[in-house]
């Protein structure tokens, strides 16, 4: 779901963008603020996915710095977190600094596509201590060598973001306000010449989710036959063809939308909130954001390239859930392992959850999947505390 | 840039002549000059380095834009104030610089034939003829980088002669070449200009070169054309002490500081307050009183000086003589030492002795440095 | 007997002892060179023949190569046609504010390619006036081959224009003036003198621009996700199935993109040394 990375050229600049520096852009551009945000985000992603790590400055979260009584005593150990690109803002700006203050450990973060990150971790290209993924499938790539468990944190429902300068903006607004039926949304998208943007289903969970959302909509909303093909082209479900001109890289997609060059684009609710995009929420039955609907989501499926060239694999719809785990690495120091466990525990704490909720994620009850005994004690304690809070 | 300084320069506006009256803006100073060179005439611009003479030449060639003025050649306007500059290709100007500027990627033959459009037999014949005239027929297949400095300049001249120029512009083209080669190449160029009845303009800081090439010389300094004159007359009658010192005058001594013989031979009244220009080449050891010798066409003055030394120079002995040191109100501090050959048949004077020198027709200058009428 | 005396003394092979500092300098040079080649070594060490067969043997696997070659060739064509006159004007100081023009050419060089891509969206996106004009020509600069060419032009242009500028500057004005004074029009002297003399330098800058265009990624991923050229294919393969299947494309990129710059470099080095040798042979 993730927003992958981009170009190794950009490390230095990315670092500064991630630490809260915004690029100044010519005011003559159509939407300077939105663009600046998009650029900063894009640059940050770039930096995060490269080997240069960005360390957020405390001031980025607007909290008083050193000397404040809220600070924990500094401790050795760094939580090195690889996260789905859609978590960039919340992790680097809010959770990371909060974690440092609360625990005294240091934090570094890198964002990227969940699947891509999993491949990089599996290949030994990067060695983070924590992996936060959208969906459990990327974590499965790492089992059992790196981890055998994960904890579910929050859901990230899919929405349709749109450009207010689009000729279809009025239709979207009306649908968002409930003044027009949802079908109007899909018939608008099926209009010839509609400029839709989405991400690559071959590499990005969001790209897969968007196609499956259309499948679910086609079935559950009883759309006219062929609507899906009119929207994204023929053959997409079978892993061939489709309208390639709709495919954008995860970062560029937002930039194109904010520049008014697209009528609408797929997005996570959290992204739409963070980037102040205009968006239409979708019903839980098709937005892949509700774990309770997992069985109906599973009816949607899509063929994508397999993990060896020339092969294909079929993926089924599943809730878009943020899962986190710690990664075993023999070369890692004990302090780093403790910092990694402390980070996941912090994510499960009330402070971590509040941050996620504020940034547009739907909180889910914490639940450890896999053998609970494999999870570090700190994580187990945090999860059980959360469970007792929920029951009380 | 007043035209009057060059008023004697001749009739450049006649058919085939070059007429230039220009101002060129430079960082340090503006270059202003006006002169004419008649068809077939040879003119030299003489001045120290940095005086603006090359700038003037480049302005005529068209490689440096003029600020104002007018350059015309054989009735065609090359440059005129108000922006009209004839493109280089249409000026029909033959420019030869100190650096030959050969095309390094072409053979000598291709360099020579560069301006010849056709590739035919007549082109080859013309190239061969020019090469043999300049003695480089054996180098036709070579690349410029393999040539010596003299050979390169020969190729550059052959290339120039192949083109259809109507004025010859020479910017110290012989610097660094030996004397025999200079004479040979200058002869080729003079002949080529004469053949086409084209004006030729040489820029040089070497007075001997200017004099041997040109009939008329213009003296230029700090961007100004100070004086124009016939080559020998100019040296004999410099218009000012500034021009005189550029032309090789080594000192300007107050007339009353010179010890004349017989006493009072030079009436003090005519020279009082003036200074006399001393040119080493216009100074001779006197063989005796003027009256005893054949009358000269030019008046001369006998002056006395003290021998400070005797040194060989070339085949002759030169005496070094201190002039003007005994002057009661000398403005030239301790006088000046000049060297002059001991003529055959005269005894070599002892150092410390007084010797009589004949100063042949010296120019004199008033207190402001202008030539005295 | 006398001939023996006249015989020249045997020539010394070494005119001076090899100094330790010279050896150290060479060693340092080799170390730096090896460090620069390190990534290539890592590539060759980690690439597996099986994965290479799988990646490059799949149907359509070579189409990114042809996309890259075609787009880069077109981008180079655009650079030569549009960039050469600009470079010449800059080299000859014929522009009103030469420093301003140089700074302008440097801008796309200084901007991270990703940023160039993001800004190109605002410049030539379908909803912009320029994009509208392109649409009249049935062109779109969003996820098309044309967009790929545009991105490559922006990423490689500064390398060509600045390189060509210095190639022209090295020719100098004197020879051009001589050609003009000998009767050549500006175009003719450019063809007969300027171009042949600048050619080795132009070839070098063209080769650099070629390498940049072939490897262009930052701007490409923003405005031309599709069609895949080699850099995009490397990225997508990495995302789809990991490093092993991406590396063969990286090798392909190097194998295809390297010969042209290499030939250009050897040629310009030979042209240079030929002139120097000739100068040494010249005996005044």
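First chain written, first letter: the chains are A, B and C, and each begins at residue 1.
Everything below uses one rule, namely that a residue touches a chain if its C-beta (ideal position, glycine included) is under 8 Å from a C-beta of that chain, and two chains touch if they have at least 3 such contacts.
As the structure is a prediction and not an experimental result, all values here were calculated from the model.
Asks: What chain pair has the highest count of contacting C-beta pairs?
Replies: Counting C-beta pairs in contact per chain pair, the top pair is A-C.
Asks: Which chain is the middle one, judged by CA centres?
Replies: When every chain is reduced to its C-alpha mean, the one closest to the whole-protein mean is C.
Asks: Counting in whole Å, what is the centre-to-centre distance of chain A and chain B, each centre being its mean C-alpha position?
Replies: Chain centroid spacing, chain A to chain B, equals 85 Å.
Asks: Averaging over Cα atoms per chain, report the distance between chain A and chain C in Å.
Replies: Each chain's C-alpha centroid was found; their separation is 38 Å.
Asks: If you average the CA atoms of chain B and of chain C, how far apart do the two points sit, in angstrom?
Replies: The computed centroid separation for chain B versus chain C comes out at 52 Å.
Asks: Give the list of chain A residues in touch with chain C in this complex.
Replies: So the residues of chain A touching chain C come out as 4, 6-7, 9-10, 13, 23, 29-30, 35, 38-39, 42-43, 46, 113, 115-116, 119-120, 122-123, 125, 165, 195, 200, 202-204, 244-249, 251-252, 255-256, 259-261, 304-310.
Asks: Taking the touch rule as given, give the residues of chain C at its contact with chain B in the complex, in rising order.
Replies: Residues 173-175, 177-186, 192-193, 196-197, 275, 278-279, 281-284 of chain C touch chain B in their complex.
Asks: Any idea which chain B residues touch chain C in the complex?
Replies: By the definition above, chain B touches chain C via 61-63, 87-89, 91, 93-95, 97, 99, 101, 103-105, 114-115, 143, 145-150, 159, 163-164.
Asks: How about chain C: which of its residues touch chain A in the complex?
Replies: Chain C residues touching chain A: 51, 54-55, 57-59, 61, 112-115, 117-118, 121-122, 125-128, 131, 140, 142-144, 217-218, 221-223, 225-227, 236-245.
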